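Each of the two complexes below includes chain A, the first together with chain B, the second together with chain C.
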Partner chain A sequence: MSLDTTKHAAGTPDTPLPWAELGLKEDEYGRIREILGRRPTGAELAMYSVMWSEHCSYKSSKVHLKQFGEKAPENTALLVGIGENAGVVDVGQGYAVTFKVESHNHPSYIEPYQGAATGVGGIVRDILAMGARPVAVMDPLRFGAADHPDTKRVLPGVVAGIGGYGNCLGLPNIGGEVVFDPCYQGNPLVNALCVGVMKHEDIHLAKASGTGNQVILYGARTGGDGIGGVSVLASETFDSTGPAKRPAVQVGDPFQEKLLIECTLELFAEGLVTGIQDLGGAGLSCATSELASAGSGGMRVELDRVPLRDSSLSPEEILMSESQERMCAVVEPAKVARFLEICEKWDVLATVIGEVTEGDRLEITWHGEQIVDVPPRTVAHEGPVYQRPYARPEWQDALQADDAARLPRPAGGEELREQVLKLVASPNQASKAWITDQYDRFVQGNTVLAQPEDSGMVRIDEETGLGVAVATDGNGRYAKLDPYTGAQLALAESYRNVAATGARPLAVTDCLNFGSPEDPGVMWQFAEACRGLADGCRELGTPVTGGNVSLYNQTGETAVHPTPVVGVLGVIDDVARRTPMAFAEPGQLVYLLGETREELGGSAWSQVVHGHLGGLPPAVDLDREKLLADILISGSRDGMIDAAHDLSDGGLVQAVTESCLKGGNGVRLVVPDGLDPFVLLFSESAGRAVVAVPRSEELRFTDMCGARGLPATRIGVVDGDAVEVQGQFSLPLAEVREAYEATIPALLA
Partner chain B sequence: MTARIGVITFPGSLDDRDTHRAIRLAGAEPVALWHRDRDLQGVDATVLPGGFSYGDYLRAGAISRFSPVMESLVEAARDGLPVLGICNGFQVLTESHLLPGAMVRNDHLHFVCREQKLRVETAATAWTGDFTAGQEIHIPLKNMDGRYVADERTLDELEAEGRVVFRYLDGNPNGSLRDIAGITNEAGNVVGLMPHPEHAVEPLIGTAGTDGLGFFTSVLRTLSTVGKVSA
Partner chain C sequence: MARVVVDVMLKPEILDPQGQAVQRALPRLGFGGISDVRQGKRFELELDGPADDAALARIHELAETFLANTVIEDFTVRVEETGAAGSPAETVRAVS
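Coming up: the complex of A and B.
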């Protein structure tokens, strides 16, 4: 086939193009013709189709995401907000931290190892492109039923992929989540978060400016992997009758990425980079159009200069290829030689492929002939925007009316004991060490806390002990019962987890995993979750700095639970005063902070014991969350608490058991007057934590809680080698440990 | 003068900066050595840190042994330079034939990262003098290819000559023959082990405890004893 140049396109307006096959709607294709004043060339169509896909353009979600900006709280710590590769937060002492969570759900179902591995690679390059050294990763994961045969295919592959890629990069994996629920059977959620650190002056942005500046593509050669991955994978659901889509998943090379990281950091350090963008979804189409769109000038690219792994690739394929481990930089002409020298030192291939031009066009040529001539903003930032219809699902009322309070409860201590064991051994509550032990958590030598602690914490300055903490949380069951509250509960839990370790929460990133936006019920869940999260962030004073939306997580008519995953970043001025979760000292007093109400809707107990989901999720009180966080942070700073653990799914008994097992000590609990033992142990009321207080600090601690108005109830003492609830039951630690640790290996090893 | 301890960085090295820190905390001066340079810059000892040297797609350490820096290092090690290979560094030492045997994939086929209990079997090496034989220490372990293998005769020889330096306790994490976690050469100047002492040098960071510092203080003592540097 002859080359489809812009000139050729102008002269052949009636040539039919496969816009529908590339996922474009008829009116979208019409708009492209209108923008260009002619039919697009094949290369232009490729760019528009991929950049206007749901994944790249956020066309269904944009109208709701706007709230994160509009309702953003005043926050002087925010240095770079939504819209860049990742948000950047001031953490003091001249340091800035950038962090973001992203999804790689669909690829990870098709090809678990590579899907998960390249998910890590992509988010790491996003962080790197901001000018930061990546310092940690986390992976919130959701799979189908733990005992389903396909989970045994997907989970080990995903975990090995995350480990195989992340371990090779030298990034400690410090936390995340693993959740099982049949709703994720055909749509596992594989989210990846990365944190990076830099000095304020090192922040880099993705824009091309300065006429005559050179555009350099560096990193891996471009191959045929991932072509169409973005539009095909993110915009359609899986259909067993459809064609095999395996080739659309990219293949990762972590060693190349490691070189890219070290090389890029050295380029930054020498001040050689004017603008930079990583190549992820939509590859060169995305990088060139976004750089040109955000900059002051235009850009000319000679596409035939791109180094290829497969010389038979067409220009359209090169533009769409999602080959991994590539970056694109804008460099002043005088600095190009040194730039290439550093790339050579790291054995990284670097090629000048174009330059920044005057004017406002993105022009791409192929062996001298023009194949793309577009206004870059129309490709990158002015894509279609949909006002999708949304409506509260008909079944929502019935679901909420199906109150968990009516479920039969354990009669007496013996049955309580059985249900506690069953809960602790259930796949969602059991130890995830079999998974997290496949990740390197020690590398870089700065890991202060890692899973299963409430948040991961890394030191960022060795002299002062300055550190950051990050937690991710989400509860699809809560969000299914009420997406507005569910999103706030995810935020509240993540916020609480950060505070429990002694760090002050600063900012939020989110990964919004939902079903098809074409289903009004799903769209309502999405709208409600966005509203809940934006309102919650405003109240807590923690702005959303960036994140990701993943739609079409559904099989046939069945969508996954609405699953907003929220990551909260906090800062701690000296990691030496971090609070771990372990009950390490016998004799210390166990206090329950916050109020316990009878709240069982969406609880782990209702799932494990009754296989039930109904009613309302726990109520949210964000003022209470703020107060609790203040107490936890003050307790840490002033040495009043030696251990803290947040209460969430599984309630008090789960939290206390985990703290006991981690510390190797038992606990003797006394049920406070007026509380039902069952409710005390299993209710999932929000805004609560357990802490271990040294006897010498008890008065000071209770005075502080009293003065601030936070309910603090002494419920027991760290002692012995059993989890004992007086008058109810006693569970030897060895028995609990066996129940807690055996489940996941038995299912997956 | 302070001891100068080299740390070799291959393009895929991961724990090199951690090793610099461990050397500093032990009171010595870390010296960065680049894989393409033949010059060892007159260092008093050298550490091969963990990582994936050249990506290790062929076999861990298989390509590193041909790097320019390794040519110089092999020669210097034969002349008595104290050399410590950690994890991938251990793999490079066996590939370079400075130590016998080989490292293959963990028997359970998974990457494993955990706090590991070890027994120090001999204090008579350049890197273990500050321990006592029989001492139990805690050092993080993290690897994919950590299973030490050698033929029976080699294993018998190592045992007979007291060259098994560390053994895994409380469960063999990777199927290493005879629970071997680390070995030394005949002269005792070259030591390789899979666990990561550089991750156990600060009480707050990584694993609880600072047992890893002993490796670095040991080599400083060795150097001062042979008069290379003052203690």
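Coming up: the complex of A and C.
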């Protein structure tokens, strides 16, 4: 087989190329020919096809994602915004924090262990590439019905993969979510978030500048992993005909990644790195074109220098390979020797594969012959942009009209009691300890809060106690009922969760998991969710710093629920002042903050008791969320509250039960005048939290709430060993604990 | 009575971190001249009855669904002669 050089391509304009098989549309292929003024070579086609895939180019989502920048609130804490490997936020005392959430949905369905493991590896390298030391990970997960046999295949594999990779790296897994819904049956959502810490001056960017600077590829050798993974795996739906185009699954090596982390941090510390990029989706195609595109000059790469695991790989395959644990750095010539020395010390293979050039082209050669000659921007940043048609689905009105208010409600205390037990034992509400116990939550010794707390919190400075808190939330059921409100509810819940622990919310990362953008109904959901999230972030003053879009999450024609997962990062001056969720002391007064309305649409109660999804999700009041957050943060800082827990799915009774079980204490609740006990217990009105106030602080706390205009209702006291609602029912703690803790092990262990 | 051996190996294109770790250790221990190491798993199944076609078909099925993860692994099934005859092991089926 002869090499398809650029010269050869220019002379053979009519050679047919497999552009359709690589996922390109006819007009996209036409545009490539137009850009190059000739047909692309095989290698060029490989690069364009992966980089112009939905996963890399955001071609369907771009027009809607723009709002995150346009509507971004003024925020002096933002040091690096959207567009880099991850956003960076100033958290004070000279520290900066970077964080980002990404999806690894499709690979995790095919090969749960490796799919989830390499998802962790990928996001960790993104954080590392910003110059930060990764300090914690979190995993928001969604699976099919908990009792479906395939869930038993996918979930344990995913959990073991996350635990295996993260634990080997020595990174604490401090939170996340696990949600079950039949809509995720053939398409689980495996999202991974990583947080990293650095000093302001350590921020690194992905750009290749300085003519003559050397391009160094370091880390693992390149093999046939995930070739076409980006275009094939992430951008096509699975159908019943099976994975005919199944590419080689990427297998991660966490010990190699650990070396890569330590090696890279040492390279940063010695100031040897001018620009850096991790290799993830689209591998070298992405790293070289993005580095060159963001820099001032061009780049020349000798592809035959890339160390291979499998010598039979073609240049096209090397460009598309998604072998894990690789990084690409731009280094001044005088620093190359020291760079290689450090790599050798860490037993990390490093190879100079090219250099930054004066021109504005990305040129790649194979044994001296040119196989790629492209303007890098056209590959990396100027891919196709689609204005996909979108339309509110016809079924949306009927779904919203099917109000949950019509559902039969429990009559009397006994039935309430039964439904409470049923709720806390349902897979979505039950304890996820069986899952999170497989993750190392406390390694490194800086974790101060982890699952099941409202948010994970890690200390970043031992002297001052400065810390960061991160929460992730998303509710596909709400978003299905109303994607605009659903996205804001995810944001509000995550924001509230951070504030509940006493940290001040600063910034947002999002993972937008949706179905096929070619379906106008899905596209409408996506557009609405983006609009809702951008509007919400503006009002809350928390900018989106980056994230990820995952489309084509569907089985056949059926899309998953629109699932925007929102991660919020907050800062706390001293982690010693954090607020835990446990009702730890008998005698603490239980206050409900916020207003409870009759809001049952999309609620856990409607799902668990009636298998129902309809009506409207709870209303959002972002001013109220801000006020609630202020009160929670002040209460924490000034020692006015001993415990706080956010109210979300499952409502008050779920939150109170969790706080009781965590603290090993019961609670006696009194239904306030004018409230229906059922509504009090099960409604999911947003903007609420439950707090435990020490008696000595009651007056000070209620004065503060009164002065700020936040409704605070005393609903009971921590006492005894039962969850008791006066005049309704009493549930012994032991019985609730059994219901809450037995479900997941029974289904999956 | 028969013994059936199922060998499970990572597919050639799949990264094998364990094999690589072994390979990296070899020169340190003074064993030169080995260019690649791949590590796999070997299962020995003792049958109650003879290793006839029906039994092998069943083992093939159990290997495919349980012993090997065919997304990333290949396997072979062969009958190991237990008698004194010492005839070479015969590869019955290979799946890739």
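Just so it is clear, the second predicted complex is superposed on the first by the 742 of 749 C-alpha atoms of A that agree within 3 Å, B and C clash if a C-alpha of one lies under 4 Å from a C-alpha of the other, contacts with A are read in each partner's own complex, and residues count from 1 in each chain.
Heads up, the rule we're going with is that contacts are C-beta pairs under 8 Å (C-beta built on N, C-alpha and C of every residue); 3 or more make two chains touch, one makes a residue touch a chain.
Keep in mind it's a predicted model, so treat the numbers as computed, not measured.
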item	value
Clash or fit, chain B versus chain C on superposed chain A	fit
Contacts of A:Q114 with chain B and chain C, given as first, second, both or neither	second
Which of chain B and chain C A:A576 touches, first, second, both or neither	first
Chain B versus chain C as contact partner of A:R309, first or second or both or neither	second
Which of chain B and chain C A:G224 touches, first, second, both or neither	second
Partner chain in contact with A:G170 - chain B first, chain C second, else both or neither	first
Vertex chain A; arms to chain B and chain C (CA centroids, nearest 10 degrees)	60
Contacts of A:F255 with chain B and chain C, given as first, second, both or neither	both
Partner chain in contact with A:G445 - chain B first, chain C second, else both or neither	first
Dominant contact partner of chain A by residue count, chain C or chain B	B
Touched partner set for A:Q324, first chain B, second chain C, both or neither	second
Which superposed partner A:R388 touches (first chain B, second chain C, both, neither)	neither
Shortest span in Å between Cα atoms of chain B and of chain C, once chain A is used as the common reference	5
Shared chain A surface residues [contacts with chain B and with chain C]	253, 255-256, 347
Contact set on chain B toward chain A in their complex	11-12, 14-15, 17-18, 21-22, 51-52, 54-57, 108, 110-114, 140, 142, 144, 196, 198-199, 201-202, 204-207
Touch list for chain A against partner chain B, complex	160, 163-164, 167-170, 253-256, 258-259, 262, 346-347, 436-448, 459, 462, 575-576, 578, 749
Complex contact set, residues of chain A against chain C	110-111, 114, 220, 223-225, 246, 248-253, 255-256, 309-310, 323-324, 347
Chain C - residues contacting chain A, complex	10-17, 20-21, 24, 69, 71-72
